[in-house]
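Just below sit the structures, each encoded as structure tokens.
Shared between the two complexes below is chain A, which has chain B as its partner in the first and chain C in the second.
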Partner chain A sequence: MADVTLNRSAAVEAARGDAQGKAANPASPRKLSRGMLCSLPVLLTLLLGFVAPLATVAAYAFATPRSFDVFRSFTLENFETIFDPANTVWTSFVWSLALATATVVLLAIIAYPIAWGLARVFGRWAGFVSVLFVFPLFVSENVRLYGWSLFFIKNGVLDGALKLIGMAGPDVLYTPGATLFGMVYVYLPFMLFPMVLGLAMVPKELVEAARDLGASRLMIWREIELPLAMPGIMIGMLLTFVLAVGAVAESKILGGQSVIVATHDIEIAFTYAQNWPLGSALALILTVIVGVLSLVAISRLDLDRILGRR
Partner chain B sequence: MTGISKRDVLKIMGGAALAGPFVNMQSAFAARDKELNILCWEGYNSAQVLDPFRSEKSANVKAESLTNDPTMINRLRAGETKVWDLINVNNPWARKIMYPEGLIKPLPKDEFEPFFEKMLPQFKAPYRWAMSDDGKELLGMAQRFGPYSFVVNTDKVSRKTAEEQGWEIFNDPSLKGKYGILESDDWNVFNIFLIAGLNPFKEHDAAELEKFTETAKRIFGGAKLVGDIAAMNQALVSGEIDLHMTGGTYSVSPARADGHPNLRAVTPLKGPIDGKGGVAWIEITSTVNNPNLSPLATEFLKHVQDPAVAHTVAFAEGTFNPVAQMGNKACFDLFTKEELDAIQYDSLEEEMSRSAEYDIVPDYDKALEILTAAKRAKG
Partner chain C sequence: MMTAAAHPLARAQASAPPILQLVGVRKTFGDFAAVERIDLDIRDGEFLTIVGPSGSGKTTLLRMLAGMEAPSEGEISLRGQRLNDVPSNRRPTCLVFQSLALFPHKSVGENIEFPLKVKKIAPAARKARALELLRMVRLPESYYGKNVMKCSGGERQRVALARALAYDPEVLFFDEPLSALDYKLRKAMEKELKDLHRESGKTFIYITHSLEEAMVMSDRIGVMQAGRLVQVGTPEEIYTRPSTKFVSEFMGEVNVFEAARENGVWRIEGIEAPIRLALPPSMSGADKAAVVVRPEFMRFVDAPGGADNCLSGVVFNEYSLGSRIQYQVRVGEKTFLLELSRANARKGEGDAALIGWDSADAIVVGT
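Then we have the complex of A and B:
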């Protein structure tokens, strides 16, 4: 206790000294602070790698359709085309958002017990199990999805094996269900690891205390574990949703384009349609939708607590 | 403290902004005699084709492959003429789009026209698709080509039936759910028109577009899957589908070479394009209108005319195709019986004669919109 008091006093003194130093140096406001200086590389990277491309896409969205008059023309024609009641592009957005939502819900249910096991049960094996979940990420997503295609295809691994025992494989390939399966498979690690982080933040003592006080397992889960792990769960959900809403390979390879997702429509606009402004307008709308949803979710998160600053 | 002020940072940024254009200018006018950038369909980007040229010229050769023409053309339109030296696309683009738009520059006729004399008879100079509209300028070199209509599993649908029925086969309700569609939407526009009994390469009136709409909805609605070449061949081999719309030697040759000779590209006996039912493509490789074009661009075009290199191009990774240089005995003799079988050489001439050449669809934008909506309606 004495150590803590001493450390606090030293910190207060240091802060006071720093404040006095600043007051004694009137030229300092013109200088870049050390924090600003340190953040310059990140700021520049963000400016060039994130803001600039996004601004270009946004500018293209307001350019004359089927032209490259970016920054030289301004029109709302691309948005008029998209919001035209006769245009069915909205169905692609609905499919993207619905598939992403379903992926998040399914992954929350699937990943939670695994995360709980990694945080509480597997002990020294947790590292090995984590590697098993991470390892597929080293293989290209397309290769993995083609692998699943061979698994589900007629006379493939599943159908062929079942035929040996006189049964037939289910006809699931090239359906929206196969697309959803692919998304759940691909995005599992992105839900799992933030969830593990969240569950690892739940103090064991708190769970034990609740148990000593007679709380049931369900009550412990509902009143202690879930609320305390929620920041990690929310980050997993957010990450998964943002990635899943932009997914296209799953609907192409496993889904056989049984549904067209928003990113596929964007791709068509940029390629076969030779209409970059329309593709940019579609991309901008998707970005805004995902951005708003993400901001709402982030506003409910206490990032400082998750990162252990408090 | 570091002593760097906001003023210093502004000075650095200002300096960088001023220096930027000069840096670009320097790179723009830097010697490019050891550098070549190729925008192409897959095959030309393979190490088998590029590595010997790289070694021979001690050059840094970069090639980016794409799988549709409109994307490549748009890259040039977006300002990438400064980046690329060669562009390899299908036949109508050089003559009808890229040259009129100033995206490519002509080749020296005296140097390149003699190569056409050694090509297959239909490519003899002046070869229409290699020439400008006025017939004065040579705009590119021909190499790979092939018929491209549809592909069947002959164990399920005989070649004779497929050829005789032609595009009408896709109107057969009993085949619903038994066919696939290759994800190649520019070609799908042609083929939906053909299934609707219409010539794709002319302006269409409202009634014809209505027919196109109905056909597109029905054909996409009845497809088992829409996918790339790998997906189509996989589905044909496994028995998921019996045939697929849009495809030809280019798409099925890898499966045939892999031991599936029962999969066969088919060209209808007749159809609505002045009696022809098939469509064929011919690649034309042109020099980009790059302000600082690499001298290696024309060197590479000469390099791929060599019989051995032309054979390598025909059997580069990805897809296997006939090449115009097969007209040269030295080149033709390099093809084994198995290779000729993979590219269906036995019927190549008759299939090409039954095919119209790939052309621009005047109302492509509208047709693609309808087709994309039909794809969405499938869900």
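Then we have the complex of A and C:
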């Protein structure tokens, strides 16, 4: 008997609990969840500081050229100007994309062995080497680039030193090559560290296991190390590409405007030319190109794995 | 396998040339010797298990055999050929890691096929072999395309095994691969591994810290302590004739006590009553010894003289093991462990008890 009453009261308890649960549920959507509430400041900042300016730029891109009547006129004239083959604006885009691509490829080749060393070989020296690579970041980019221009300039460090031993220095400053050099130099850490992260993610045991199963070094690299380190490498490539496409100081200081990159065109449009709509259209095109590339790359990445959530 | 002397097959195996031979193998890391001069012949086709507590050097020994670590001294040879300088990818051996080391970016099928891909075998033949191996490790063929990270612990175990078998090694090494599994699955895998050993006819060298695991699977067991191989023998030999106190203690719960001889009479330290000891010939004349008595060889006796050795004490703990019952009996300052079947268990906590054992059931080893 006692058992039965006990069971019954338990059932009543359960039913009551259920009812409370149901009563509590409809109330919850009205209140913001705690996560939403906490992220609100960040969301607002992003909205005001990132989305709003971007929307303004997008709006300006469709305004009458050489005017400031944004939101009052709609025209595709700015884009026509840009895509008109008679104008040479498109060449700056080609230069920007070509220089950025070359930077990414060169950096991948240069950074991989260093990253491999940092992740696998250097051991307790890895920290020191990392600091050496980070250190230049404490000095302004422009200052460093002017330093390099002193290095490459006629009668500068390189040219002067070569003349001392009776050789003519190469004429490298103010060429697209110098621009490329500057980009590779400035963005090396941004390729290197994600790459180290990627390589560090490859468990040593997997490499040992592959070797134990008969694989050669090349096979291990192709089948195990590279695919497993790929997320890190991809992040490095994406980061450096985005930075290099948006770079302007290298082409100005080291390239000496021997080639005009897209960002330089945008700057001119907004400043000397006072043609904000054209500048906005240029910026919009560049943003779309970079945005699409980034989305494609990120969609192929497993961010959870990189952040160690899995 | 029975004792080597009794079993004709065992004798034939013992006289066959060893597949792996270790002569004076030593490994040091700085000043620390992880493995100390090990001599060992591993027979073709045997299941040898190396047991030892963590830090006893068993993993280092295995890594040397697999070619991932070079011995500091000594020689390892396979069928008479020096193996020391052969890199692991050229050795006909394969290691199943404790972590299993499955390739997370490859499917079950691609994992198994990896060693075949290395050998440049055509894709169709690779797939056929992989499916065959899936059957062999009792996984459904539908697992071929499955993401290896989506497999359960037991399934991954089987994939790792199939991948190792795909390499077709002469010797397979196992570094505690079952340690991450739950008890029930581990028990089942132990038996499957033993079946697989028989089916494949390959030499298995297995490492574990669980002697229980070793007992179930092995033809021979080697016990390691602080870098040394202290005893090698069949499970029966290790169980019934442990060579040292360490080995006997490693075998599970046992009664171990130090005994000393004074004026020709043996006494357990701290207990007045004299005991009778049957010293092995190698220890004749010794005045100190460690006595090992298994809990199942101890019993309650009705009166003094009911066993070769009798001690009186008090029961202070009783544990049920299911079909059997364990008692802790305190005699003086010492605690003795008895394990009896339920039928013979007739004492309760707090009862005075006379416990005893026969000299023949006691193992006497050096201290």
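We adopt the following convention: the second predicted complex is superposed on the first by the 285 of 310 C-alpha atoms of A that agree within 3 Å, B and C clash if a C-alpha of one lies under 4 Å from a C-alpha of the other, contacts with A are read in each partner's own complex, and residues count from 1 in each chain.
Note that a residue touches a chain if its C-beta (ideal position, glycine included) is under 8 Å from a C-beta of that chain, and two chains touch if they have at least 3 such contacts.
This structure is a prediction, so every number in the text was calculated from the model and none was measured.
Participant: Given the alignment on chain A, is it a clash or a fit between chain B and chain C?
Facilitator: Once both complexes are aligned on chain A, chain B and chain C fit side by side.
Participant: Mind working out whether A:F68 is in touch with chain B, chain C, both or neither, as first, second, both or neither?
Facilitator: After superposition on chain A, A:F68 lies in contact with chain B alone.
Participant: Counting residues of chain A in contact, which comes out ahead: chain B or chain C?
Facilitator: For chain A, the partner with the higher number of touched residues is B.
Participant: Tell me the contact category for A:T103 with respect to chain B and chain C: first, second, both or neither.
Facilitator: After superposing on A, A:T103 lies clear of both chain B and chain C.
Participant: On the A-aligned overlay, A:L150 touches which partner chain: chain B = first, chain C = second, or both, or neither?
Facilitator: In the superposition, A:L150 contacts chain B only.
Participant: Quick one: is A:S92 in contact with chain B, with chain C, with both, or with neither? Answer first, second, both or neither.
Facilitator: first
Participant: For A:T263, is the partner it touches chain B (first), chain C (second), both, or none of the two (neither)?
Facilitator: After superposition on chain A, A:T263 lies in contact with neither partner.
Participant: Of all C-alpha distances between chain B and chain C after superposition, which is the least, in Å?
Facilitator: 36 Å.
Participant: Would you please give the residues of chain A that touch chain B in one complex and also touch chain C in the other complex?
Facilitator: Touching chain B and chain C on chain A: no residues.
Participant: Where on chain C is chain A touching in the complex?
Facilitator: For chain C paired with chain A, touching residues are 66-68, 87-91, 93-95, 97, 99, 101, 103-105, 114-115, 117-119, 163-164, 167.
Participant: Which of the residues in chain A come into contact with chain C in the complex?
Facilitator: 203, 205-206, 208-216, 219, 223-224, 227-228
Participant: Can you name the residues of chain B that touch chain A in the complex?
Facilitator: Residue list for chain B touching chain A: 1-7, 9, 68, 70-71, 73-74, 77-79, 180, 183, 185-186, 224-228, 230-231, 234-235, 238-240, 365, 368-369, 372-373, 375-379.
Participant: In their complex, what parts of chain A are in touch with chain B?
Facilitator: For this pair, the touching residues of chain A are 28, 30-32, 34, 37, 40, 66, 68, 87-89, 91-92, 95, 146, 149-150, 153-156, 173-174, 176, 252-253, 256-260, 265, 268, 270-276.
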